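Comments concern the structure below.
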Amino acid sequence: MRLKHIFDGLILIALAFAPFYLSAYHLSLLGRFLAVAILSLGLVLTWGWGGILSLGQGVFFGLGGYVLAMHMKLESLAPGDLPDFMMWSGLDHVPAWWAVFRSSGLTLACVVLVPMAAAAVLGWLMFHRRVGGVYFALITQALALAFSTLLISEQAYTGGFNGLTDFTTILGQSVNGPNFGRGLYWVTLSLLTVSFILCQWLRQTNFGKVLVAIRDGENRVRFLGYNAMAFKTVAFAVGGALAGISGALYTLHLGDISPAMVGVVPSIEMVIAVAVGGRESLTGAILGTLLVNFGKDWISSAIPELWLFVMGALFVLVVTVMRGGLAGLVELPFWIMKSRRHKKARSVQSASPAEEEAEAHKVIKA
Amino acid sequence: MKQPSTGATFLRIKAAGIVTAVLSIAFFAVASAPISAQNGSVKVGVLQSLSGTMAISEVTVKNATMLAIDQINASGGVLGKKIVPVVEDGASDPAVFAQKAQKLIQEDNVVTVFGGWTSASRKAMLPVFERFHSLLWYPVQFEGNECSPDIMYSGAQPNQQILPALQWAMEHGKKRIFLLGSDYVFPRTANYILKKHIAHDGGTVAGEEYVPLGGTDFSSVIAKIKAARPDIIFNTLNGDSNVSFFKQMAAAGMTPDKLPVMSFSIAEQEAHAMGPSLVQGSYAAWNYFQSLHNPMNRKFVAAYKARFGRDSVVDDPMVHGYEDVYLWAAAVKKAGSFDPMKVRAAAIQLDWQNSVMGSVKFADNQSLYQTAYVGQLQPDGQFNILWQSKEPLRPEPYDPLAFPGRSCPAK
Amino acid sequence: MWHLPIIAGQVFNGFSVASILLLTALGLALSFGQMNVINMAHGEMLMAGGYLSYLACKFVHGPAAFPCALLTAFAGATILGALLEISVIRWLYGRPLDTLLATWGISLIMQQGARSLFGAIGVEVVAPHWLDGSINFTHGWFAGLSLPYIRIFIILLAIVVLAGLALFIARTRWGQWLRAVHQDREMAGALGINTKRVDLIVFALGSGVAGLAGAALALISPVTPTVGQSYIVYAFLVVIVGGLGSLLGTTIAACLVGLFSAGVQMFTSVSFSDVLLLLMVIVIIQFRPRGLVATRSRALKEA
C-alpha cells in the first residue's frame, strides 16, 4: 500500500512541475483536463464503487461553473451596470438571486453546495423509490437534456446559448494577468489532490465498504439492516459536489461556460473517459481523462471526421473487451500471475475449487 | 479492486509508470511538433467547424477564405510575404473554438485569425483574443451588442439586415408580424430589437415563438400561427428546422405564396440544400446575393465555381469570409506591419473599398459599412433582388431605440 | 386560445407526436423488457429507416415508391438490428449499463457514418400526392380545424403496427416463445426454446419498427444524421413511464407524453415544455417506480 502512495506521489510531482517543462498552451490544456479529472474522481466513487451510472454529471458540472461565472460576471461590471445579455433580453436590473453572488464567500460555498444539494435531492427522489440502474442512467440523461434546454431558453438569466463569458477578475486577481494561468494550474492540481485523498479515504471507511457491497448485492445489504438509499444518496451527492468544483475550475480555465458543455454529449463523454481509465481506479480515472481529452484534441485537429469513429469504437471496445480500462490492463499480468500462484497454492493446500472460481468471478465482475 | 501483495504492487506501479510516461511523451511529442517557419511567409489562422452540426455552413466559409488567400498569394502576397493558412477545426463546440484559438495564437504564432460562425463560438473566443491582443475577423451577421477591440465584425449588425427587412415589410403593408426563431441568442435578441421597432413604426407583433435548435415538430407553433393570422412571418430558424417548418406549413396549407415568410438564415446554400421548391417565393434579407450584378461578383463566382465545382453556390457569410482576407491585406499594407494592433488601427482608417458586395468600409466601431438587400427566392435557387438600401448603411452595434444611451467605447 | 377547433387541433397534434414516439419506443420497450438491454443506438435505427426510405424513393418512382420506401426502411432496419445484436449486444447480456455505453458508441459511429455518406444537411422524402392536403372543417363546431393527411397517415400507421405486434405476440408461436422467455428465461430455455434466437428476433423486430418510424418521420421533417438523437431521449422517457416491456403501458405513456407536450406548448415555449415533461416523469416515478403498467414479479430483480 505504501508503495502505491509513492507512485501516486511521483505522478503528483511530475504534474506539479509541469509549468516548468510544458509550453504555455499545453499547460493550459493540461490544467483544463485536470479540472475535468476532479469530476472523474466523483464518477469513480458513484459509478465504479457505488454502481450508480449517471449520464447527467454535466448538470452538476454546469451548476458549479455557472455559479462561479455569475460571480465573475458581476465582478467584471461597473457599478449599476447590467450584464450584456440581460440588457438585450429586456431586463432593467440584476435580479436579486443573481446579485447575491456578488459575495465571493457565498459563491465559493455555492460552487460546492448547489450541485451537492441538487444531486442529493435527485438521488433521494430516485433511490427512495428504488429507481436505479438503467432507469437512473436514462433519467439523468433526460435531466442533462432538460438542463441545457432550460439554460438556453432562459436567456435573460443565463446568457442563453452563448453562456457566460468575458470575465476580468476573480478574488481580485486579473484573469488576463501573466501569472494567472500558472497559479490557476497549481490551484487545480491542489484541489485534484485533495479530492483524490478524500475519495481514497472514503473507500477505506465503512461507508466505502458498504457502498461497494450495495453495488454487488443491494438487496442483501438491505436485508442486513443497512439503509442503502442513504448510502447511495450520499455517494451521489459527493459526486455532484466534485462535479461542481470541476465545473467551476473549468470555467476559470476556459474563461467561458455555455450550455454546450453541460448537455447530453459532454456528460456521456465524461463517463467514457472514466471507463477508459478504469472505472474503479482513481489514478486510472485521472489518466483516462487526460488521455481521452488530449486524444480528442489531437485527433480532431489531424482528422476531424475521424474523431467520432474513434470515440465510438473506444466506447464499444472498452466496455466489451477491456472492462477494467487502462488500470485493468496494467493489472492483468499481475492477476494472471496471482491466479497461477493460487493454483500452486491450491495444489498444496487443496483449497476448495468453488472458492477459487468465486474469486476469479469477482475479479472479472469488478 | 483487490488488495495486491506488496511485490506485485511494486511491479504494477513500475508498469503503470512506464505506460503513463510513454503515453505522455507520445502525446506531447505529437502535439508540440514544431511547424517549420519559412522565411518570407506569414501565418494566419483559419478556424471554422469542419465537423459537427455547423460544418455544413462553416466549411463553405473556410473554402471562400482559402480562395482569397490563394488569390492574394498568386498576386505576390502581402508586404512581399506569402500567406500560409493554418486551418483548425472548431468542431461546432464553443469550448473547442476557444481552445484552438489559443493554439493558433500561442503555438502557431499566427498574426491574425479568420473564423467563427455562431455567436457562442465568438463569445468563447473573445476572452482568448483579448488576453493575447490578437485579432479575429468574424464574417457572419449577428445580434450586435458587442464591440471588442480585438475583433473585426464584417457580418451585418441588426440595423444592416433585420431592420431594413422590417422597413421593406412595412412599406408593403405587412404590419402584423409573427416572430419565429430557433432558441438561441441571435433570434431572441433580433426579435427584441424588432419588437421595439414594430411598436415604434405602428405595426403589431402577432406572436413570438422559439423552438429548440434542431427541433423538428412545429405542430403547436403552426396552430399558434394560424390562430394569430399574421401578414408575414419573420423567421430566424436555423438549419434543418427550416425544412421541417416549411414542410409542415405546406402540409397545413400555408405555403409562402399564401403567407409570406421573411427568413434571416436562409441563403443560397440553405436553399440549394433544402431544394428550392420547398422555400420558393419566400423572402430573405442579406448584404450579398449571388445574383448581384457587378463585375467583381461575376469574377468571384466564376473563380469559386472553377475551384469547388460548377454546382456550388455562394452566399453572404462566404463572401464576408472572402472579403475579410482582402480587407486584412489592405490594412496590413496601410500599416506596413503584421502587428495586430497596428493592423486594427489601419483597418478603421481604410478608405472605401470596392468589393464583391459593393462598396464597403470599416467604421470606427470595427464593423462594416455595407448595403442591405431584400430578395425573393426563385425556382432556380437564386434570389431576385427586390429592394436595396440607397447607400451603404453605417453599422450600429447598439440599436438606439432598443438600447438607448449605449454605444461602443470611443477609441 | 380556448376555441374548440384549436383544442381539437392540439389533441390531434398530440396524437400525431405520440404515434412517432410510440413507433420509436415499442422496440426499446420490447428489448428492454425481454433482455434488460438498453439500446442507445435505437435512434439511429430510426435514422437508418429515414435514409433507406430516401434511397428507395430515389430509385423507385411512381405510385409504388412510397410503399416500397416503407418496406425498405422496415427490412433494412431489421437487418441492421439483427447485425447489432449478433455483433455487440449478445456479448453484453446481464450487463445493462455496459450495453448502454457500448450502444452509445455504436450510435456515434452510425451518426458519423451517415454524415460521411449523406452529408450533414438533411435529405428529404417527398410525400406521395395522395398524402398532400388536409381534411378541412369549414362549418359547425370545428370550423377552422384542418387535419393534414400526412399526420393522419402516421397515426394510422402506428395503430396498424401496434395491432400487428399485439397479434404477433398473442397469436403466433414465436409470440408464445417470446412471452415464455419474458416470464422466465431459464424455464423457457429448459423447455427447449432457443432463447438466443428469440432475443435476436425481438431485437431485430424492434429495430425494424423504429425504421418504420424513421420512414414516417421523413414525411414531415428532413432526415439528418442526428435525427435519432432528438427522439431517443423522449422515447426513453416513454419506456420509463410505460413500464418494462408492456405494449399497453408503452402506448399509454406515448399518448400521455404526446398530449402533455401538445397541451403545455399552447401556454409555454417548446423549450420549457421539455423541462416540464421531465418533471412530470420524475413525479410519476414517485408514485409508480416501475412504470404505469408494471409487470408483477416476486423476483427481487436488480435491474
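Order of writing sets the labels: A, B and C. Residues in every chain begin at 1.
Everything that follows uses one rule, which is that a residue touches a chain if its C-beta (ideal position, glycine included) is under 8 Å from a C-beta of that chain, and two chains touch if they have at least 3 such contacts.
Keep in mind that what you see is a predicted model, and the values were worked out from it rather than measured.
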item	value
Pairwise touch network: line, ring, star, complete, or other	complete
Chain pair with the greatest number of C-beta contact pairs	A-B
Centroid distance [mean C-alpha coordinates] between chain C and chain B, Å	36
Chain A and chain B, separation of their C-alpha mean positions in angstrom	34
Touching two or more other chains - residues of chain A	149, 152-153, 305, 308
For chain B, residues contacting two or more additional chains	183, 210, 212
Residue list for chain C, restricted to those that touch at least two other chains	269, 271, 274
Complex contacts: residues of chain C adjacent to chain B	1, 3, 6, 9-10, 13, 16-17, 119-122, 124, 127, 132-134, 136, 144, 146, 148-151, 217, 220-222, 224, 226-227, 230, 261-262, 265-266, 269-271, 274
Complex interface listing, chain A residues touching chain B	1, 3-4, 6-7, 10-11, 22-26, 28-29, 32, 84-85, 87-90, 149, 152-153, 155, 159-163, 165-167, 175-176, 254-256, 258, 260-261, 280-281, 283, 287, 290-291, 294-295, 297-298, 300-301, 304-305, 307-308, 326-327, 329-331, 333-334, 337-338, 362-363, 366
Residues of chain B that touch chain C when the two form their complex	53, 55-56, 183, 209-212, 214-217, 219-221, 223-224, 226-227, 239-240, 243-244, 247-248, 251-253, 273-275, 278
Chain C to chain A touching residues, read off their complex	32, 36, 38, 88, 91-92, 95-102, 104-109, 111-113, 115-116, 229, 233, 236-237, 239-240, 269, 271-272, 274-275, 277-278, 281-282, 285-286, 289, 300, 302-303
Touching residues on chain A, where the partner in the complex is chain C	53, 125-126, 129-135, 137-139, 141-143, 145-146, 149-150, 152-153, 217-219, 264, 268, 271-272, 275, 305, 308-309, 311-316, 318-320, 323
